[in-house]
Structures are given as structure tokens and as C-alpha cells.
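Two complexes follow with subunit A in common, the first pairing it with subunit B and the second with subunit C.
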Partner chain A sequence: MIVRPRKEDHLVIGKYTGKVIVGVGLLMCIPLLTSIAFAEWDTAVDFIVAISACMIFGFGTQALCRTQKDLSWSHGLVVASGSWFFATALGALPALLSGHAGSYLDTLFDVMSGYTTTGLYLLQDLDHVSNGLNMWRHLLTYAGGQGIVVIALTFLFKATAGAYKVYVGEGKDERLLPNVIQTARAIWLVSLTWLGIGTLFLGFRGMQLGQGPVRAFFHGLWVFMGAWSTGGFAPQSYNTFWFHDIGYEVICIVIMIAGSFNFALHWAMWTGKREEIRKNVETISFFVTLSITTLVATFFLAQANIYPDAMSLFRKVFYQLVSGHTTTGFSTIYARSFVTQWGPIGLIVTTVAMAIGASAASTGGGIKGIRMGVISKALVQDVRRMISPESSVIMEKYHHIRDTWLDDGLVRGVMTVTIAYLTLYGIGAIVGAMYGYPLEQAAFEMVSAASNTGLSCGITQPNMPDLLKVVYTLGMWLGRLEFMSVFALIGYGVAVVRGK
Partner chain B sequence: MIMRNRFFPSMLLLAALFALAAAPAVAAEAPIPKNNPDSTELVNKMNVPGDITKGLFWNGKTVTFHGEAIGEVMVRDSYAWIHLNDDAYMERNVEEGAKLGGYNSGMAVWISADLTKQIDTYGDYKHEGSIVEIEGVFNAACKEHGGDMDIHATGLRILRAGHVVDDPVQPWKVWLALALIAIAVGLWRLDRVTRNRISPHRGI
Partner chain C sequence: MAEMPRVVATRRQEIIGYALGIIHESLWILVFTLGAYIAAVIAMAVFK
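Our next item is the complex of A and B:
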């Protein structure tokens, strides 16, 4: 029997969703100030409209949903996914008002892409958008990488047991510190430190490459946000190809890889446990799968004789694959070059890298390194069991911050999420193929969306079918929140309608 | 009678003089023809469809290409990188009322830094960049630049100077903003009042 949620359930969900949306409104003050600094008055008014809309929603729901009740697990999941839904609907307003979007659906697509750190976009004439709007695009992806709930937890929530449940609902389950608010603040401490250092390096390099100081700073800041959050947005339509520099690419690679690591790993390094990076199952899994995909792609592209020398070949392959594997989505080749130059093998290898993706509890998406590690260990365990005497007890463990022994429950949980990802990838690829796109291209694009990567082989276009836009948007949302929160929101909706 | 006879020829002469004076401006606004090949074709066209081993059709060939100079010039010693967009916004951008016409598209151009001094404006939110025509060799994967797709230009010509773009605040947006601010402030007050009524000591 489905139990219909009671009034008190609606109140607690409304109250906390409202708090998160107030946080989104406050975040918009940064692009508003950017617009004012650059005298972009029309854009500034767009942001005032959007901030006001967020405050109306936030204060309105808080005034209407007055309750002392704390969050339960199901509330936490619904608040997380519901907050993402409303934050997307309201966060889309500045782009819609700018006149650069073909439709409201296009802006929803872009904002969901930003929050989920995907990096696909439908905004048109990007090379002429205002600095304010560019700041908002990149801030979306930077904030989304840490988690918009994490932002609200940091500034607007009291330290309650329920706060942890919203935090988990956003696809993060690492508790770096005993208190979840302290954990959220620790995540910000790590991210802001990297922001300062990364922006400095990229900005300085930009000036060396011939950019003026102001453009070098803002491009450095935005490219850092795109790289660290594994988002993939960039201020020019040429993406990081704009810079034509191996030094800039190396800095981006370092930031992309760092951004794709688990916050728990960052915290371990931060607190002096340096050996963790060498022992952690996720870093091992990442370097193994990155090496294999790079080797395979290099081999086949060398056969195709696309690039003039070995250095150019390696530079292009390694950059695109690090970008794909960390689920960033930066590129130094044209989108269609994946088809016209890399061909089917290059497409498939990049698709595999994107599908595996980054680390759990990071800014990245995809199936995640820890699941690949657990599945590999479980496979080894089964093979060892088969070749060992029946009476022997074969155990496997993996290391992630601490050693954990594999058990059937753990492996089943990992396999469930992995199958959910593969199913999502498959459904999206089939929808793309039904619209007439070649299967390998349709698979590439859907995996890119659902693993929150953002590389494109040219299918994502403002004039692509609306249903495909919806499928990719849902793919980004489900992939980022790792299914459970979105299922909880759907379940909540069903319970409201059909519950007793 | 004589006056009337002279009136029409005088008017015609005057009109002709106006037309002559306006001719350069009219010519300047004449639409710029599409590139052949355009950036999309340079990226996409292959010798043998589906066979990437045959290399790109335009690879190594000399092309004439024009587009809006976008962003900035990045000077590297005696050479420089510029980017030319030959998309729907080459002559007019969205802020000036151009219809949405898809993504930006263009080509990266490696050119003598001295030649780029002719370019007075680079396109961004507040500027429509100069439309520049270059001639050079197209590289599908440039040996000199780490496999980048680019054009190594040997000549440059300005087809149209760039200009400042104005994006005035639209009055309806101001009214909408004022109305929404008023509602937001009202709800904020309501939130504070009802919160204090329930529990005077609770913070956020």
C-alpha cells in the first residue's frame, strides 16, 4: 500500500527546498555584481529579475511551510532532487531574458547541464554573451560541482540530523568530519583553495599567451571553474582550443584530474595522509582505465594517420581522454572531428572512458572509479573461488580511506547502480538512433550527457529534436543524483496522487 | 514656366547627389557572401565519406576565408592567433537584433602579428568585430601546432570595420524587476513575522 504523505511531510519538504532556493538567489548576486562592474545594465536587470524570483519562491515556501519537524531520509532525498528541479527552473531565467536561447527548454537544458557539471549547451552566439551571463554559467557549474545543497548547508542550514540526509540525497555520502555542516565547509575550504591557486596559474599563463590582464583573469577563473567542477563550460565557443598552448592544457589536465577525485581523498591529503593517493582504489582504477583507453585510442588513431607526429597524436588523445574520463568535457578539437577525424574506434573508446567516469563524492559523474574497483575485485574473488579448494575461504578487500572487505550486499549494491547507469545510457542511445543518428554517435552523446561529461560529437545542437533535449536533460539529472533522489521525488509524486 | 521646367531636373540631380553620397554606406551594408569553403565544410568534408584514412579534402590546400574577428588577438613573438567566425552572427550579433542561427562556428588563424594591426575591433558582448578576409593554407592537423586544425595565413584584408554594440535596458524588464522586488520584500517580511510568532528565538 502506498501511504499518502501528510501535511507535515509537505511542510518540511517545502521549508527546506525554499532554503536551498534562497541560496541559489544569493549565488546570483555574484554575476549581478560582475554585470555592474562591466556596465552591462541589461544583463544586470536580468539578474535582478531572477534573484527576485528565487527570493519569492524561497521566502514564500518558508512562510507557507512553517514546521519544527526535522528531515527524514525520504524527505532528504525529495528535498535534494526537488531543489535541483526548482533551482534549474529559476536559474534558467537570466539566459532566457538574454535573448541568446532558442526556447525555455533550451535554457533548462543549459542550467541542468551547469548544475550537473555536464557542459553541453544550447546557448547561441556564445562568443557575444555578456560577462555577467558567462559568470553565471561558470558559477552554476562550480556550485553544482560542490553541490547546491552543500552551499545551502554551509550558509543556511542548522546542524541537524536531517541536514545529512539532504547531503546524501545530492549524491554525496562522504562525511569528512563528524558534523555534516563542518563537512560542507571542509569541501568549500578545499575547493576555494584550489580556485585561488588554479585561477592564478591559468590567469598568469593567459597573460603570457597574449591575453590582456582582465580577460586573462576572468578566462582563468572560468576555465578553472569548468575544469575543477569537471563541468566543461568555457567562455568561448572554441572551448580550450582557444588558447593553442600545451602549457595551458597541462594546467587544465592537472585541475581536471584533481577535480575528479573524491573529496574524502582531498581531505586525507589535506590532513597529511599523503599515501592515500597511492593506495586508494579510485585513483588506482582511474589510472588503469585511463592508461588502457589512451593506449587503445593512440594505437588506432596512429593507424589512421590523422596527426602529423607522435607528440601531436599523444597530446590530442591524452587531453580528450582525460577530459572524457574525468567527465569534464573540455576539448581541443572540433566536436565533429570526433566523427570526421577520430572515427568509430575513437568514438567508442571515448564513450567507454566517459561511461566509467570520475570518483564518487567528487564533482564528476559516470559509473565511478570505486564501483569499477569493487566490480574488478569481486571478479577476481570469484575467479579465485573457482580455482581454490571448496573448503577455502576467499576474501577480497579494497582501500578507500580505510580497508573494507567485500561482501555480497556491497557488490549487489554496486552492481545495481552500475546496471542503472548502463540502462540509462542504453535508453538514451536508442532514442538518439531512432531519430536517425548513427548508433555510435547517439551512444557517445547520451553517455556524455548521463555521465555529466559534456563532450559532443555534434548531435547536441539548438535545432535538435525537443524530445532528445528532454532525454539528455533527464539523463544529466538522473546521472548526477545517482537515481535514488529522483526516484524518491517520483515516488513522492505518485504517493500524493495515489496514496491512501 | 521656366521655373517649373527646372524644378524636376533639379530634384533629380539632388536625389542623384544624395544617392552618390550614400553609396559607400549602402555598399558597406551589402551582405557579405558566404565562405567557400565555410568553416563547417572545412571541419566536415572528407575525400571518401566514412574513410578517415584518406585525410580531409581541404587539408593542405590554399583557401580564402573570411569571418568576424572574435575575442582578442593573442600575439606570440612575431606571429599571432586570431579567430574568425563565419556564422550567423558575423555581420550582426544577437544584441543588435540578429535572429538566432545556431552555434558560433569559425576557424583559428595563425598569422603575422604585423598584419593583425589592421584589425580595429574584436567581437564580444559590447562589440561586433571587424570582418576580415585571409588567404592561407588549411591544416586539418597542423604539424607546427600540436595537431590543431588551423589556417596559416599569408595575407589579410579588412572587409568591414567593427563597431560598438549598444544593448539598452528594456523598460519592460525594469518594471518586471520592480514588481518582483516588491513581492519578494513583502514575502521576506511575512516570513520574519510568522517565524517570530511561532518561535521568537529561532534563527535560520
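Our next item is the complex of A and C:
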């Protein structure tokens, strides 16, 4: 029997969803100030309208939903996915009002792409977008990388047991520190420190390339946000290809890989456990799978004789694969080059890198390195059990901050999420193929969306079918929140309608 | 058994620790990037 949620359940979900949306409204003050600084008055008005909408929704919901009840697990999951839904609907207003969007669906696609750190976009005439709107696009992806719930936890939530449940609902389950609010603040400390250093490096490099100081600083800031959040947004339609500079590319590679690391790994490194980077199952998994995909792509593209020398080959192959594997989505080749130059092998290798993705509890998406590590260890364990005497006890362990023994429950949980990702990738690829796109290209684009990468082989365009836009948007949402909280939201809706 | 005195890092030691952590992470990534470049050089020499 499905139990219908009671009034108290609606109140607690409404109250905390309202808090998160107030956080989104406060976040919009940064692009508003940017617009005012650059005297972009039309953009400033767009943001005032959007901030007002967020505040009316956020404070209105909190006023209507007064309760002292704390969040349960199901409430936490519903608040996380519901917040992302409303944050997307309201976050789309500035782009919609700017006149750069073809439709509201396109802006929803772009904002979901930003929050989920995907990086695919349908915004038109990107090279002439205002500084305020560009700030919002990149802030979306930077905030989405840390998690919009993490923002609300940092500034707007009290340290209750329920706060941890919303945090988990957003696809993160690491506690860097004993308290979840302290954990959220530690995540911000890591991200803001990297933001300062990364922006300085990119800004100075931009000035060396001839950009004025203000332009170099803003481009550096935005490119940093795109790289660190593994979002892949850039202020130009040519993405990071626009810079044509190996120095800029190497800085981006460092930021993309660092951004794809688990926040728990960063925190361990920062607090003295420096051997963690070579012992952690996620970094081992990442470096092994990135090495394999790089070697395969290098082998085939060297044979295909597409690039004239080793430096060109390295710059194109390694950059795209780092971008794909970290689920960033930066590119230094044209979208159609994946099809016309890299061919089926290049497409498949990049698709595999994107599908595996980054680390858990990082800014990245995909199946995640820790799951690949656990599956590999489980495979080794099973093979060892088969070739050992029946009486022997074979146990494998993996290292992530601490050693953990593999047990069947853990492996089952990992396999469930992995199968869910593969199913999502498959469904999207089939929908793309039904619209007439070649299967390998449809798979590439769907994996890119659902793993929150953002590389495109040319399918994602404003004139693509609306249903495909909806499928990719849902894929981004499901992939980023790792299914459970979106399923909880759907279950909540079903319980409201059919529960007793 | 007497309890060991708890060592608490000063703010300065914490900041130095953070800086060393960032440098360590960056160097690991740069060394790996160099490895990828060497692989590209070898691939071009062998397969082209």
C-alpha cells in the first residue's frame, strides 16, 4: 500500500525547498552587480525580475510552510531534486528575457546544463552575450558543481540531522568533517582557493596573449569556473579553441583534472595525507582508464595521419580525452571533427571516457571512478574465489581515504547505479537514433548529456527535435543527482495522487 | 596509560598545509600530462 504524504510532509519539503530557492536568488545578485558595473541596464532589469521571482517563491513558500519538523531521508531526497527543478525553472528567466534564447525549453536546457555541469548549450549568438548573462551562465555551473544544496547548507541551513539528508540527496555522501555544515564550508574553502589561484594563472596568460586586464580577468574567471566545475561553458562559441595556446590548455588540463577529484581527496591532501593521491582507488581508476583511452586514441589517430606532429597529436587527443573523462566538455576541435576526423574509433573511445566520468563527490558526472574501482576489485575477488580451494576465504579491499572491505551489499549497490547509468545512456541513444542520427553519434551525444560532460559531435543545436532536448535535459538531471532523489520525487508525486 | 597530548595546527600551519596540498596535486597532474606527451611522441615515431 502506498502511504499518502501528510500535511506535515508537504510543509517540511516546502520550507526547505524555499530556503534553497532564496539561495538561488541571492546568487543572482552577483551577475546583477556585474551588469551594473558594465552599465548593461537591460540585463540588470532581467536579473531584478528573476531575483524578485526567486524571493517571492522562496520566502512565500517558507511563509506558507511553517513547521519545526526536521527532514527525514525521503524528505531530503525530494527537497534536493525538487530544488533543482525549481532552481532550473526560475534560473532560466534571465536568459529567456535576454532575447538570446529560441524558446523557454532552450533556456531550461541551458540552465539544467549549467547546474548539472554539463556544458551543452542552445543559447544563440553566444559571442555577443552580455557580461552579466555570461557571469550567470558560469556562476550556474560553478555553483552547480559544488551543489546548490551545498550553497544553501553553507549559508541558510541550521546544523540538523536533516541537513545531511538533503546533502546526500544531491549525490554527495562524503563527510569531510564530522558536521555536514562544516563539510559544506570545507568544500567552499577548497573551491574558492582554487578559484583564486586558477583565475590568476588564466588571467595572466590571457594578458600575455594580448587581452586587456579586465577582459583577461573575466575570461580567466569564467574559464576557471567552466573547468573546475567540469561544466565546460566558455564565453566564446569556439570554447577554449578560441585561445589557440598550449599554455592556456595546460592550465585548463590541471584545473579540469583537479576539479574532477573527490572533495574528500582534496581535503585529505590539504590536511597532510599526501600519499592519498597515489593510493586512492578513484585516482588509480582515473589515471588507468585515462591512460588506456589516450593510448588507444593516440594509436589510431597517429595511424590515420590526421595531425602533422607529436605536439599537435598530444594537444588534440589528450585535451579532448581529459575534457571527456573529467566530464568537463571543453574542446579545442570543431564539434563535427569528432565525426569527420576522429571517426568511429575516436567517437567510441571518447564515449567510453565520458561514460566512466569523474570521481564521486566531485563536481563531475558519469558512472564515477570509485564504482569502476569497486567493480574491478569485485571481478578480481570472484576470479580468485574460483581458482582457490573452496574452504579458503577471499576478501578484497579498496582504499578511499580509508581501507574498506568489499561485501556483496556494496557491490550490489554499485552495480545497481552502474546499470541505471547504462540504461539511461542506452535509452537516450535509441531516441537519437530514432530521429535518424547514426547510432554512434546518438550514443556520443546522450552519454555526453547524461554523464554531464558537454562535448558535442554536432547534434545539439537550437533546431534539434524538442523531444531530444527534453530527453537530454532529463538525462542531465538524472545523471547529476544519481537517480535516487529524482525517483524519490516521482514516488512522492505518485504517493500524493494514489496514496491512501 | 597517560593520554597523548593533542597537537593542534596553528592557522599558519594550516595554510601552509593547504598550499602544499595544492602544489602536490598540481605536480601529479603535470607529470601525468608530460607522460601523455611522451606517449604521443612515441606513437608518432612508431606508427606514423
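Quick note on the criterion: the second predicted complex is superposed on the first by the 500 of 500 C-alpha atoms of A that agree within 3 Å, B and C clash if a C-alpha of one lies under 4 Å from a C-alpha of the other, contacts with A are read in each partner's own complex, and residues count from 1 in each chain.
Everything that follows uses one rule, which is that a residue touches a chain if its C-beta (ideal position, glycine included) is under 8 Å from a C-beta of that chain, and two chains touch if they have at least 3 such contacts.
Since we're looking at a predicted model, the values are computed, not measured.
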| item | value |
| --- | --- |
| Partner chain in contact with A:193 - subunit B first, subunit C second, else both or neither | second |
| Partner chain in contact with A:469 - subunit B first, subunit C second, else both or neither | neither |
| First, second, both or neither for A:15, with subunit B first and subunit C second | neither |
| First (subunit B), second (subunit C), both or neither touched by A:129 | first |
| Touched partner set for A:62, first subunit B, second subunit C, both or neither | first |
| Which of subunit B and subunit C A:48 touches, first, second, both or neither | first |
| Which of subunit B and subunit C A:205 touches, first, second, both or neither | neither |
| Subunit B versus subunit C as contact partner of A:305, first or second or both or neither | both |
| Partner chain(s) touched by A:242 [first = subunit B, second = subunit C, both, neither] | first |
| Comparing the two partners subunit B and subunit C, which touches a greater set of residues in subunit A | B |
| Subunit B and subunit C contact sites that coincide on subunit A, given as residue numbers | 303, 305, 309, 311, 313 |
| Contact footprint of subunit B on subunit A as seen in their complex | 19, 40-43, 45-46, 48-49, 52-53, 55-56, 59-60, 62-63, 66, 68, 97-100, 102, 124-131, 156, 158, 209-212, 215, 236-238, 241-244, 246, 303-309, 311-313, 315-316, 332-334, 336-337, 340-343, 461-463 |
| Sites on subunit C touched by subunit A in the complex | 17-18, 20-22, 24-26, 28-30, 32-33, 35-37, 39-41, 43-48 |
| Contact set on subunit B toward subunit A in their complex | 43-44, 46, 52-53, 55-56, 70-76, 80-81, 83, 85, 87-89, 93-95, 98, 100-106, 108, 123-126, 128, 140-143, 145-150, 165, 167-170, 173-174, 176-177, 180-181, 183-184, 187-188, 190-191, 194-195, 198-199, 203-204 |
| Sites on subunit A touched by subunit C in the complex | 193-194, 197, 250, 253-254, 257-258, 261, 266, 269-272, 274, 277-278, 287, 290-291, 294-295, 298-299, 302-303, 305, 309-311, 313-314, 317-318 |
